[in-house]
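Note that the chains are named A, B, C and D in the order they appear, and that numbering of residues resets to 1 at the start of each chain.
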Amino acid sequence: MSLQIISIILGSLTLATALLVVLSKHPVRSVIYLVVTFFLITSMYIMMNAQFLAIVNMIVYAGAIMVLFLFVLMLLNLNKEIEPVNTRTAQFTALIAGGSLLLILITALKDTLILGESFRQKNEQIGLVKELGNLLFTKYVVAFEITSILFIAAMVGAILLAKREKQIIE
Amino acid sequence: MSIGTSLDFFLFVAIALFAIGAIGAMTRKNMIVLLMCIELMLNAVNLMLVTFSTYYGNGDAQIFVFFTMVVAAAEATVGLSIIIMAYRNLKSIDIDMYNQLKN
Amino acid sequence: MALILLPLVFSLIAWLLPSAQTRLFGLIGTTINLFASLISVYGFDAQDQLFIDLGLRYVHFSLDSLSYTMIILTNAVFFMVYLSNFKQEITSKKRFSALAFLMQFGLIGVFSTNSILGFYIFWELTLLPIFLILYWFGSFEKPKALLQFFLYTLLGSLAMLLSVIGLLQLTNQQTYEALLAADLNAHGATSIWLMGGFLLAFAVKIPLFPFHTWQAETYTKAPTAGTMLLSAIMLKMALFGLLKWVLPIFDGVATEFWRWPIITLGLIGVVYGALIAIKQQDLKTIFAYASLSHLGLIAAALMLQNEITNQIAIVQIVNHSIVSIGLFLAAGIIESRLQTRDITQLGGIAKVAPRFAFWFAAITFVSLSVPFTAGFIGEFFLIKAIFNAHTLSGIIAATTLIFGAVYMLRAYQIPMFGPTKNSVFEDLSWSEILVFALLIIAAIYLGLSPKCLTDFVATSINQPTL
Amino acid sequence: MPQDLTLILLLSFPLLGFAINGIFGKQLPKMVIGSIATVAVFASFLLATSLFSRLDGTTIVNLFNVLDFENLQINASFQIDALSIWMTLIITGVGSLIHLFSIGYMSHDEGFYKFFTYLNLFIFSMLILVLGSNYFVLFFGWEGVGMCSYLLISFHYNDAQKGIANSLAGRKAFIMNRIGDVGLLVALFMIIGQFNTLEYTKIGHLIESNKALTGGAMFFITLSLFIAATGKSAQIPLFSWLPDAMAGPTPVSALIHAATMVTAGIYLTVRSNFLFELAPFTQNIILYTGLATTLFAAFMALRQNDIKKVLAYSTVSQLGLMFVALGFGAYTVALFHVTTHAFFKALLFLGSGSVIHGMHEEQDIRKMGGLAKLMPITHFTFLIGTMAISGIPFLSGFFSKDEIMAQALHHNTFAYIVLVIAVTMTAVYMFRLYFLTFHGEFRGGDQLKSKVHESGPSMTLPLIILAILSIFGGLLNLPGLFFKNSAHWFDHFLSAGTFGLNHIHPVHLDFATSIQLMIFASIVALSVLIWAYLNYVKKGNIAKDDKDLNGWERLSAAKLFVDELYNVLIVNPILAISDFTGKIIDIKLLRNGVYALADGVLNSANISRKWQSGFLSSYLFWMVFGLIIFVAYYILKISVWH
C-alpha cells in the first residue's frame, strides 16, 4: 500500500516541479527545477526497476545537458530583468492549446488500456544493465555505432557555430 | 513482483509532463527555456516508453529510450550553440526578435 | 517523311546562320517546304492514306487528303508571310525565322499526326514559338495582354490534356483508327466531359464567343507577320481538330449534347464580332473582329456534321486564310508607311498610292465574299446548312453579309477616299504586289471551281478511314 | 453559228473588254479604250440580235459544273429563251449607246480607263444575271452587279469636297443591295429545301407535276424573292439608295439606275412567275408596295431641284408602276413597260448628262433655263423623252402605261385611281423639269452662259437614236384597235418563248373601254402640258428657293424625311449597340473580367503569404493545433464511425 502512496507523491512532485520550470520568472531557477524534475523522473524509473536507464538518465540529462544549459545561462548572463515576457493573450491561447492537448491525449488513451488493475511485471530482469547490455550489443550494435557519428557531428556543429567570427559583426 | 501502482498512473504523469512542456514551449519567449521545455517533453516520452517496456517485459523500448537520450544530448548542444550565435548577433534571445524568415 | 522533318531542319539551320542571310534563307526555306508538299501531293491518290513511322513510340503520322490540304495551306501561308514581310526588318532577325520554322514543324505535325498524344504534343509545340515571336517583336506595353493570350491558350490545352488522358484511360487506344472504333457512347457522361475539354481548348483557339478577349488585343499589338501566322493558320488547327478528331470520335451522345451550345456560341460570335467591328478605330482590331465573325460561322457549320458542309467548310477555311493574310498585309503596309493604324487619322491614300488602293479594294471584295471568289460559295453553303438546321439561326448567320459589308467598306473607305491627309505614301513593292496577286488568283480560282478542293477532300471527310 | 457558241461569245466580249482595259488601260489612249469597250458591248448586241432571230423555245447551254453533291448539282449553265434574249437586247443595246455617250462625256476624266473597265464588268455581270439558267448563276450576277454599282457610284472618290460623300453613297447602295441579297439567299435556301434543285425549268416541271406543293413555303419563298427585288429595284423599304446613287457619273445613272440594274428585280419576278402564281397573297403585297412606291416617289420628285434627283425619283416611281403590273400577274405588260422605260429614261438621263456637260458640272435647275436655243439637239431629244414618260398619246410611254392602267381598271379600281394620280404627278414634275431647264431666260450668270455649248456628236448620236426608239417603242405592243393581226405582238412573243408564261394570258379589255381609257389618259397628259407651259413659261415663275417653300413643298423637297427616318430607326440604334458591345461588354465585362480573375488569384495568394508570420510561437501553436486535430480525428474514427 505504501508503494501506492509513494508513487502518487512522486508523481505529483514531478508535475509540480515541471510547472515551476515553466512558470518561474528567473531562468536559472527554472534550470534548477528542471534538474529536480529529472531527478524525480529517475526515481520513477527506479520504481519500475529500469535501473540502467535511471542511472543513464541522471548522468546524461541532469549531469551533462543541464550543466550545459546552466553554463550557457551564465555565459549570456541572463537574469530576471531582461527576461522577455509574452503577452497575456499569447499565454492564454498557449494554455488553452496545452489543456486541450492534455484532454485529447487522455481520451485517446482512456479506453485503450486495461485501467485500474495494477500490472504485474512480467520479467523483473528487464531493467537491469546485464539484460539491456546484452540486447544493446547484439541486436542494436549498428545503431550504437551510428550514435558515435551523431555525437561527432553534434560536436563539430556546436564548435563551428559558437566559434567567434574573424571580424566582429557590430 | 508488482510495481504497486497501476499502469495508468505513469501514463498520466507522462502525458501531463508532455502537456506542460508544450505549454512552456508556447508561452516562454526565452530560447533557453524553450529548449528546456523541449527536453521536458522528450523525458515525458521516455517515461511512457519505459512504462510500456516494463508492462510488456520487452527491453527494446528501453534501448529506444537510450537512443532518444543520445539524440537529446546532441540536439541540446547544437541548440545552445545556435542560441549563443543568435545572442551574439542581436544581443537578445527573445524568440520574436528572430522573425526575418517570414515572407 | 521529308515533308514533316524539313521545317525542323530549317529551324535549326536558321539558328546557326549569320543574320545577314536569314531573310533570304527564310524565303528559300519556305518555298522549298511548299514545293516539297506540292510534289508529294502530286503523286498522292485522294483515296488512300500514307502511314509514316518515324520510330517514335507514341507519335506516328498518317497523311490523308484532308491533312495534305492543311499541310499545303500551312506551307503556302508561311511562304506568303515571308514574301509579304520581305521588306520588313522582322524577317531579317535570326530568332524570327528559327521560331517560324519551328512553328511550321509543329503545325505540320498537328495536321499529319495519327495518334492522339502526337496531336496534343504538336498542339503545345506551336504555342511557344508564337508566344516568343509576339514577346520579342510585338509592341506590348503591358505584358498583361500577352500573358493573357499565353495563359488562355495554356488553360485550353490543359483542358485538352485532361481529356486526352481521360480518353486514353477510357479506351486505352492511341491511334486515330482505334479511337474511332472505340464506341464512347457507353460511357455517356464521361464522354461528354472529355469532349468538353477538347471543345474548351478549341473554343479558346478559334476563338468562340466568351473566350475571344485575348484575340483583339494580341492581334493589334503583335507584329504583322505574327498576326498573319496567328490568324491565317493557328486558328485552323482548332477547326481541323474539331473536324478530324473530336467530332468523329465523340460521335453520338457527346456531340448531341455539345452541338447546339457550340452553334449558339458560334452565331453569337458572328453577330457580336460584326457589331463591334463597325465602330472600331484601329484597322487590325476591325480585321480581328471580322475573323472572329467569319470563324464563328465556320465552327457553327462544322458542328452540324453533314458531309457537304464539311467539304465546303474546308473551302471557307482556305478562303479565310487568304482573306486574313491579305487584310493584315494591307494593315501592315499602312502601319509601316504611316506609323498609325487609326483610320480617323488616315485619308485619301488612294490618290497617293493607286496600286495599293486597287489591291486593297480587291482583297476587301474577296473578304466581302463577292461572286467569283471562294467566299461566295463558302458562305452560301455554310449559311444554307445552318438555315436548314434552324431557320432563325440561319437568318442570323446571313446577317454577316450585311454587317460584313458595313465594317469592311468602312475600314476600306475612310483611309482610302476623301481628302489626302498624308501625302507621303510610297506605293507597293514587288513582293507585296506578288502576294496580293497570288491571293486574288487563289480566291478566284477557288471561287470558280471549288470542285477541285471539295472532291479531293471529300474522301477523307465522309468516311474517316476505318 | 450554233447557239451555244454565240452565247459564249456574247458573254466573253464584255469580259474581254474588261480584261483588256483593266490590264492595259493605263497605256492605251482614250479613244482606243472607249472604242474597245463600246465595240465589245455592240458585238454582244449583234450576237444577241442573231440569237433573237434564231429563237425557238428554250435551249440550255451548260458550260461547266461548279459543284455537285449527291442530291444537289450546281452548274454554270445559261438559258436562251424569249425573256433572257429580250433583256440581253435591252442591256447590250442601251448599254452600247451609253458607252458611246460616255466616250464624250468622260473625255476629261483622268480615271477614264477605270470607268470603262467597270462598265464592261457591269455589262458582263448583268448578262450573267439575265442569261443564267438557275438561281445560283442569277445570284452570281446579282451580287456582281451590286459590286459594280458600288464601284461606279463611288467613282469620283478622290474628289476634293464630295469625295467622301460619293463613297458614302456607294457604300449605302451596296449595303441596301446586300440587305436585298440576304432575302434572295434565304429564298434560294428554301427553294433548295423544297425542290432540291435551282434550275428554272426543273422547278417549273416539278410544280406542274404535283400542284399540291403550295402551302406556306411558296408564300415565304416568293416573299423573300420580293424582298430581294425591292433591294435591287428600289421599292418602298429599300429605295433611298437610288437618289443618292446619282453621285456617280451620269452615264452610270443612265445605264445602271435607269435601264438595266434596277430592272433586275422585275426580271427576277417574271423569271420565277411559276412561283408567284402559287402565292396570290404575295402578289397583293407586290401590288400595294408598288402603288405606295409610285405615289410617294412621284410626290417627292415634285420639288427636287437637282436635275438627276428628279429623274432618280421618277425611275423609282416608274419601277413602282411596273411592280403594280406584276402585282396583277401581268408579267408581259410589266416587261413592255421595262422596255419603253429603258428607252426614254436612258434618253432623259443622257439628255441631262449632256446638259450637265454643257453647263460644266452644274446640276441645279434653278441656275439653268433657256437652254433650248443653246443646245438644240439635246433640247429636242429631251422634249421627246419628257413627252414619252408623261404619256403624251402615240409615244412609247403612252402605250405601255395605258396597258398597265388597263390592267388596273380591270382588276382593282382603287389601284386605277392611285395610278391616275401618280401619272398626273409624273407629267407635272417632268414638264416642270423640262420648262425650267430649257425655257425662260438663262439664270446661270453671263460668263457661264458664254461657255454653254452643245455636246459633241458622240453624245448627241445616242440621244437621237434613243429618241427614235422612245417614239416608236410603243409599236411593240399595240393594243388591238390598230392592226388586228399584229396586235399585242410583244405579249405573244414573250409568253410563247418564256418558260411558265405560256399558261398566263394577260387580260385584254374590250374595244370600248380601252378607247375611253386612252382618250381620258391623253386628255390628262395634254392638259398638264398646257398648264405647265402657262405656269412656267408664260407666267415665268421659276422653282422657289428653299426658304419660301410652303407646307407640302418643303415635305417633298426634303424627300419625306425618309433618310432621317432610316437613321433614327435603324442606323443610330445599331451604332449605339455596337458602341455598347464594343466598350461595355467586350472591354469592361469580358477583358477586365479576365484580368480581375487573375488579380483575384494574386490577392488570395497574399493572404496565405501573411499567414507565415515568422514567429516561432505561432508555428508551435499551429503544430500543437495540428496534433490535436490529428488525434481527435483518430479518436472519432475509432469510436464514432465504426
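Following the convention adopted for this analysis, contacts are C-beta pairs under 8 Å (C-beta built on N, C-alpha and C of every residue); 3 or more make two chains touch, one makes a residue touch a chain.
Since the structure is predicted, the reported quantities are computational estimates derived from the model, not experimental observations.
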{"item": "Most heavily contacting chain pair (counted by C-beta pairs in contact)", "value": "A-B"}
{"item": "Innermost chain, where centres are averages of C-alpha coordinates", "value": "C"}
{"item": "Distance between the centres, which are taken as Cα means, of subunit D and subunit A, whole angstrom", "value": "105"}
{"item": "Chain centre separation in whole Å, for subunit D relative to subunit B (CA means)", "value": "100"}
{"item": "Chain centre separation in whole Å, for subunit D relative to subunit C (CA means)", "value": "37"}
{"item": "Mean-CA-position distance for subunit C and subunit B (Å)", "value": "69"}
{"item": "Contacts with 2+ other chains: residues of subunit A", "value": "86, 90, 93-94, 97-98, 101, 105"}
{"item": "Per-residue multi-chain contacts in subunit C, two or more chains", "value": "none"}
{"item": "Subunit B residues counted as touching two or more neighbouring chains", "value": "22, 26, 29, 95-96"}
{"item": "Chains that touch, pairwise", "value": "A-B, A-D, B-D, C-D"}
{"item": "Residues on subunit D engaged by subunit C in the complex (per definition of touch)", "value": "64-69, 72, 125, 139-141, 143-144, 147, 150, 154, 157-158, 160, 163-164, 166-168, 171, 174-175, 178-179, 181-182, 185-186, 188-189, 192-193, 574-575, 577-579, 581-582, 585-586, 590-591, 593-595, 598"}
{"item": "Contact footprint of subunit D on subunit A as seen in their complex", "value": "86, 90, 93-94, 97-98, 100-101, 104-105, 107-108, 111"}
{"item": "In the complex with subunit D, residue positions of subunit B that touch it", "value": "22, 25-26, 29, 34, 95-96, 98-103"}
{"item": "Residue ranges of subunit C in contact with subunit D within the complex", "value": "144, 147-148, 151-152, 210, 212-213, 216-217, 272, 275-276, 278-280, 307-308, 348, 350-351, 365, 368, 370-372, 376-377, 380, 383-384, 387-388, 394-395, 398-399, 401-402, 405-406, 409-410, 413, 416-420, 448-451, 454"}
{"item": "Subunit A - residues contacting subunit B, complex", "value": "3-4, 6-8, 11, 14-15, 18-19, 21-22, 27, 30-31, 34, 37-38, 41, 44-45, 47-50, 52-53, 56-57, 60-61, 64-65, 68-69, 72-73, 75-76, 78, 82-86, 90-91, 93-95, 97-99, 101-102, 105-106, 109, 113-124, 126-127, 131-132, 135-136, 139-140, 143, 147, 150-151, 153-155, 157-162, 164, 169"}
